[in-house]
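Input: a single structure, listed below in structure tokens.
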Amino acid sequence: MSSISAMPAPPSSDKRWKLVDAAIKRHGRAGHSLIECLHTMQECFGYLDEQGLKYVATALNLPLSKVYGVATFYHIFSLKPQGEHTCVVCMGTACYIKGAPQILAALEEKYGVKPGETTKDNKLSVLTARCIGSCGLAPAVVFDGDVGGKMVSSDALKRVEKWMNI
Amino acid sequence: MSQSISVPVTASGGKLARTITIDPVTRVEGHGRITIQLDDKGNVADALFHVTQIRGFEKFCEGRPFQEMPSITARICGICPVSHMLASAKACDELLAVRVPETGIKLRRMLNHAQYVQSHALSFFHLSSPDLLMGMDAEPQKRNIFGVIEKHPELARDGVRLRGIGQQIIEILAGKKIHAAWPVPGGVNQALTAPGREKILAVLPEAFTIINRTLDWYKSVLENFRDEIRIFGNFPSLFMALVTPHDPDEHNAMLDHYDGVFRFVDESGNVVKDNIDPRKYTEHIGEATEAYSYLKSPFYLPKGYAEGMYRVGPLARLNVIDRTGTPKADREWAEFRALRRGVILSNFHNHYARLIEILFALERLEQLCNDKGILDPHVRAIASHNAHEGVGVIEAPRGTLIHHYKINDEGLMTWANLIVASGHNNLAMNRSVLQVAKHYVKGAKISEGMLNRVEAVIRTYDPCLSCSTHAAGKMPLVIEAVDPQGNVVSMLTRD
Amino acid sequence: MTAEELNELIEQEVEANKLFVHSINVCVAAGCLSSHADQTLDALKKEVKAKGLDKEIKVKGVGCMGLCAAGPLVEIRDASNAAQVMYQGVQGEHAEQVVASAGKQSVQSLVCDTSIPFFAKQVKIVLENCGLIDPERIEEYIVAEGYRALQKCLQELAPTKVVEEVTKSGLRGRGGAGFPTGLKWATVAKAQNKQKYVICNADEGDPGAFMDRSVLESDPHRVLEGMAIAAYATGANRGYIYCRAEYPLAVKRLKNAIKQAERVGILGQGIMGTTFNFTVEVRLGAGAFVCGEETALIHSIEGKRGTPRPRPPFPAQSGLWGCPTLINNVETFANIPPILRKGGAWFASIGTEKSKGTKVFALAGRVSNTGLVEVPMGMKLREIVFSLGGGIPDGKKFKAVQTGGPSGGCIPEQFLDMEVDYDSIAKVGSIMGSGGMIIMDETSCMVDVAKFFMEFCKSESCGKCVPCRVGTSQMYDILCKVTDGTATPEEIAMLEELCDLLKSTSLCGLGMTAPNPVLTTMKYFRNEYDAHIQGKKCPAGVCKIKAAQEVLV
Amino acid sequence: MNSTLASQIVTLKIDGKDCGARGDETILSVARENGIDIPTLCHYDGLTDIGACRICLVEVKGSPKLFAACSTLVTEGMEVSTNSPRLQRYRKTILELLFSERNHVCAVCVSNGHCELQAMAMKLGLTHVRLPYRYPNLKVDATHTRYVQDDNRCILCQRCVRVCAEIEGAHVWDIMGRGIEARAITDLNEPWGASTSCTSCGKCVHVCPTAAIFEKGKSAGEMVKRSFVSELAAKREVYE
Amino acid sequence: MSKARIATVWLDGCSGCHMSLLDMDEKIITLASLIEMVYSPTVDMKQYPQNVDVCLIEGAASSDEDIHKLKIIRLNTKCLVALGDCAITGNVPSMRNMYKVEEILNRAYVENAVLQQQIPRIGVPVLQTRCRPIHEIVKVDVFVPGCPPPSETIYNCVADLLAGKTPDIGATTRFGK
């Protein structure tokens, strides 16, 4: 890392790049801050797009393939945009044995989306989580960041239905 | 132990129908079955030849680099892998759009001739000679090459040896007897060495001796098969084969197993269409699908389906040419063509034609071995792909073989179509099966020999079902009952 | 910050609290927040203000009180910090009643009985402050004897003495494997490098475990103190907390705690007037279970793919950027301050011969009381499940306890009277793990459970080594065939062979322990496997068995 | 740390044979110096060892764990066993897993006869794979003008990644995804031909043990790998 | 001495293994005195007989019929030999497994036909979704890899089996040989 090239220009004039920039500079453009920078980018944009990955790679002076390798290794990073609303079904052990699979099945039946997919109208993305640590409230579902505990399929469908009708 | 003959079954219409199943059709290269459909009086109403396996080459080669195609398509058939390799390599040559070095072409030709020797020997000695030697009514347990070894050890030894010589030459040239990856896009990947040439020259005399002996013997027993000659696929049809490019007025189209132009002749020997560029095969040949077989039915487009039935293979090749082009084979060919005015119609004569073609191949091999440039190290043109589409056509032992490829900008396969010898013959085979069945299968009494004749007629085409099933293949015989509406009401397969 | 300043801060805090007659503590850890405890807290604050009681009643958010399933939990305490009553399921609408009951008659309909074994049988060391202090204020931690242990170390104990004390305590790593903590510290302390690191593993990856989350959300300073002591003892000056990104609240409180500690001079340069320097940074995980493995975690902090590397060398010799690195998990660090405060001998007096101290367990699944409990090592499994946990609800029958997450196993009824400690659990084929306990009843199919964990391991495998990458995939496929009734006895034999292969040849712990759920269920619930394979049915009615005609001939 | 190890001389036993070595040598290198062959797949002389394939696992007396010979340093008094029936069994099963993972059709492969995976199967006596093949649908990338990448034949040994990052210094290759979904990629998983970082040096081609990376234009059996990379690594020096 | 009862079977393969078997040339004549070929594409028996001593199987299992056949063969055979890569690994025929059966049939019979575009369904076996090695269907006793296995290897294998020995395949052939 002897000669670092000049800081590249952000991919666009979108103000959110300033936040990404700040994260990059906060760590002195050190390569090891890659994951932190990707977190910031995902927080800002909701996902990691190719342009952004290239930008981060150049700013941190990292090989493109390494950046891509890291971005795809960690399941929290998404390389495609999510729907307007996200419904994350916790698939931790406690939730699993208390009925999380049935909730997923109900969502799939009603909206035709499997975990990781987004409805055609781009309104709803259904995701799963490995365990959100709310085992005491199993099964848990996170609706746009809001955790709902002791869910049954009908509750979950009701919550989602509200989004879909807008 | 023989074919299972079903008890009468009640057809949907309340009529009695009977089915005879021959499954599998043995001693042909591949998987197939025959359904003979009887009416309520026990007469043959129809007969169908099913090819029962599909393998999907046309689809699964998609996405592969085209340079792998010769080796992939070689796995269509272990009997004539050389034909597929060469047809494939020729299609690939077109994708490279370069001129293949002369010696490369000559070496490919040698490989092809060697394969004719082994493949025709296999067909004649290993698969057909049991019928010829023991008769169609011999007990089935003995009616095979092992029976021949026991009863006619000399002939069996000749057959084994002749096929062995063919394989040996392939090995000398290509390094391996079966599936050698020697032909490549642009030529072959290794020149012939002087010791290699000597080895080939050393085995040729014995091969000539065997083929001459066999021809003499065969001609001497030909009379014994008068019935079979009359019945076995003896009907008018078109014939097609590659011939050397020629002036139509000069009558000098010669036998060419590796390259050339298509010629169609009719049952009287009249040239229907001449000097067709094989690259434009789709303008002349169409393919139809039948619901009962995994083998498609190509037909001569101008005549429509199924009037455009044509035959390919040894008989067709000897029917369409004006001469073979080698002295010994020309003599035999003249004698052969004298059997009938016009062209030879009986498919039984494929056996005969095969022997003549072995002789031709041996002569060509000898000529090429003695060719001055044959040891030239420049045997391959190196290039990347320069065209998006290529057609490679060759005469495989069983008939014309067409490989047609399309690739993308990166050189990956996007599409393929393959028409194999047995495909061209499909309509004729079905016609022949019906002809034989009508003649031999009558009433309630069905003898083993009769059924064997049904199989034997297929055997005259020597259909390589491995090849035909490149699309998917197998060869059991089945007999099924079909009602007048065409619904199968009962089918018996035997396992 | 010097010792005097620390004392001054305590006095100020005590002074400020003097006027309060009661405090109403609202749990604002993740569990209760999911039940909208934030709204409850707001409502209570408004109510107190509206009633003009804001000089008498202090309403504050606190950490986890344990019984997450009954949240939001609210506790009323008096001026001496003695508990008056605990309420459960408190919503905003209850604010008036709750506030009115301070020091008076309790609201019977909301009372949560704290005399039940779930509360009564706990021994709290790690969780001692949880539910009592406001995790967002360093002052409260300090008043609760926080940072006293660090102060003691810096002023009274040489680093070697600190290591000795930890060794004496018999503390073993709470992350799963149970490696003696003192030994690990000693190895790092011995290393000659100038640069060393301390890492807190807060990548609580086991599904079904949430005690680390609770500690981080309820008492983050305790972890920082433990890390600082470790850094002092081993000669490190930089620390990283590697925390799951799935725990945003924990991350927020940790970052806040670090800022506060830096502000008052407990972290940074020249800590407490000594030459000891220590800074801590939070690094986020990003959804990779394998990063719980030490070398993978290190790669992740270095900004790389979280793949493990062969050990030796161990991180204690060559870790973060090639430097000696001490890695302990959250609960391990949380045990350090009390050990140094009260002495290793005190800690060693709790628990069993080889497993000292207490252990926090996350009870979940088919059990009446779900939540966190801290009990002495060696408590009988039956007592945890049936006494603290309150047994199986809905009159169902107990079937198994799953411990140790994907690396652990299923412990059947016959071992219910086993004492829960590292070695006993290992003896029956499972592991202590980080402390998740999922209780299963007859409605769970054990083959399905094994499949669940194998799916987990398959998707969490980093893909570097062949046995784990392909083996977990193949094992998962076989388990799928078992659950749809199409597996053959030969395939079961192959499954067993793969279990052995993965245990012996995998590159890291993930692969080595991935077979455990399969092995324990095959050992203890073979009849369920047989029922699927031979009987073509799932006894628990969970699996969809393929009809005969669907099965390939 | 390594300089101190390098100056230590240790003695150890490998398969009963007394061996002397420097302290910074691996079990694999000492074994090979002493004519003892330990099979390897991901190891490549001159590249950093990663212990990924697990083919070179050996037993060390006194430890229940197995150690990757390529990445474990020798220690004084170590007693190593390299070819016990148990190790042979594991190696074969690992090979079976590899064969089952992707689509290896040896007969028509450009590396047929020159493939390390194929040779390893023969060497270890693997005549069939007991596990079902997975048949993933994988891509062939032929966009590069000179080379082709075929995921069907990749065993994820990461030699390409290492040679490109460590020797060529371009780091065009890396691994994306994880677990059974892991794939070797160039740049941002873009077509290789579009790579801005690739120098087309061909080192990745020649270290690839199978034909997951090969020279364009080769037909079946024609891809013969050259072994210049190890020498390249050994010859590296600072000029002046 | 009674002759050993030998069978050879051809499933989804190219017949190259059978050709390699024939490539033992004159040795086949020697072998003929020791064996009785009771079932083979080269003999006329239509029904798989009972009490077969050794059966060499070429090709992968691709259709319902192949699978049915294999089961019958296993029931009536003492020693079952998987001959060649197709039987052992699926080899080239298994390249179709990357595609759906429908896609394959469509390409051949609809896209690449000009007339009566249809998928054959009458009297033809149904393709399995996957073409599989035969040991996934039945227990196999001896594996002889190669594409095709060298005729020497096949001969030695058969000779060993006839002599009651376990054939040692290892060094003479390999996948793709």
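Per-chain residue numbering starts at 1, and chain names A, B, C, D and E are given in the order in which the chains are listed.
By our rule, contacts are C-beta pairs under 8 Å (C-beta built on N, C-alpha and C of every residue); 3 or more make two chains touch, one makes a residue touch a chain.
Please read these numbers as outputs of a predicted model, since none were measured by experiment.
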{"item": "Each chain counted as touching chain A and chain C at once", "value": "D"}
{"item": "Partner chains that chain B and chain D have in common", "value": "E"}
{"item": "Chain centroid nearest the full-protein CA centroid", "value": "D"}
{"item": "Pair sharing more residue contacts (C-beta pairs) when D-E is set against B-E", "value": "B-E"}
{"item": "Chain whose mean Cα position lies farthest from chain D", "value": "B"}
{"item": "Chain whose mean Cα position lies farthest from chain C", "value": "B"}
{"item": "Separation of mean Cα positions, chain B and chain A [Å, integer]", "value": "61"}
{"item": "Chain centre separation (chain C, chain E; CA means) in Å", "value": "58"}
{"item": "Centre distance in Å when chain B and chain E are each reduced to the mean of their C-alpha atoms", "value": "22"}
{"item": "Centre distance in Å when chain A and chain D are each reduced to the mean of their C-alpha atoms", "value": "34"}
{"item": "Chain B: positions in contact with at least two other chains", "value": "72, 75, 179"}
{"item": "Two or more partner chains touched - positions in chain A", "value": "66, 69, 73"}
{"item": "Overlap residues in chain E, where contacts from two or more other chains coincide", "value": "68, 91-92, 95, 98, 147"}
{"item": "Residue numbers on chain D that touch chain A, as the complex places them", "value": "161, 165, 170-178, 185-189, 196-197"}
{"item": "Chain E to chain B touching residues, read off their complex", "value": "10-20, 22-23, 25-26, 28-29, 32, 36-37, 40-49, 62-63, 65, 68-69, 72, 91-93, 95-96, 98-99, 103-105, 107-110, 112-125, 127, 147-148, 151"}
{"item": "Touching residues on chain D, where the partner in the complex is chain E", "value": "99, 103-109, 112-113, 118-119, 121-122, 125, 127-130, 132-133, 135-138"}
{"item": "Contacting residues of chain B [partner chain E, same complex]", "value": "1-4, 22-24, 26-31, 33, 35, 48, 50-56, 58-62, 72, 74-79, 81, 122, 126-127, 130, 140-141, 143-146, 149-150, 153, 156-157, 160-161, 163-164, 167, 177-179, 286-294, 296, 299, 301, 305, 417, 452, 466, 471-472, 474-478, 480, 488, 491, 493-495"}
{"item": "Interfacial residue positions of chain B with respect to chain D in the complex", "value": "63-65, 67-68, 70-72, 75, 179, 181, 184-185, 189, 382, 384, 410-412"}
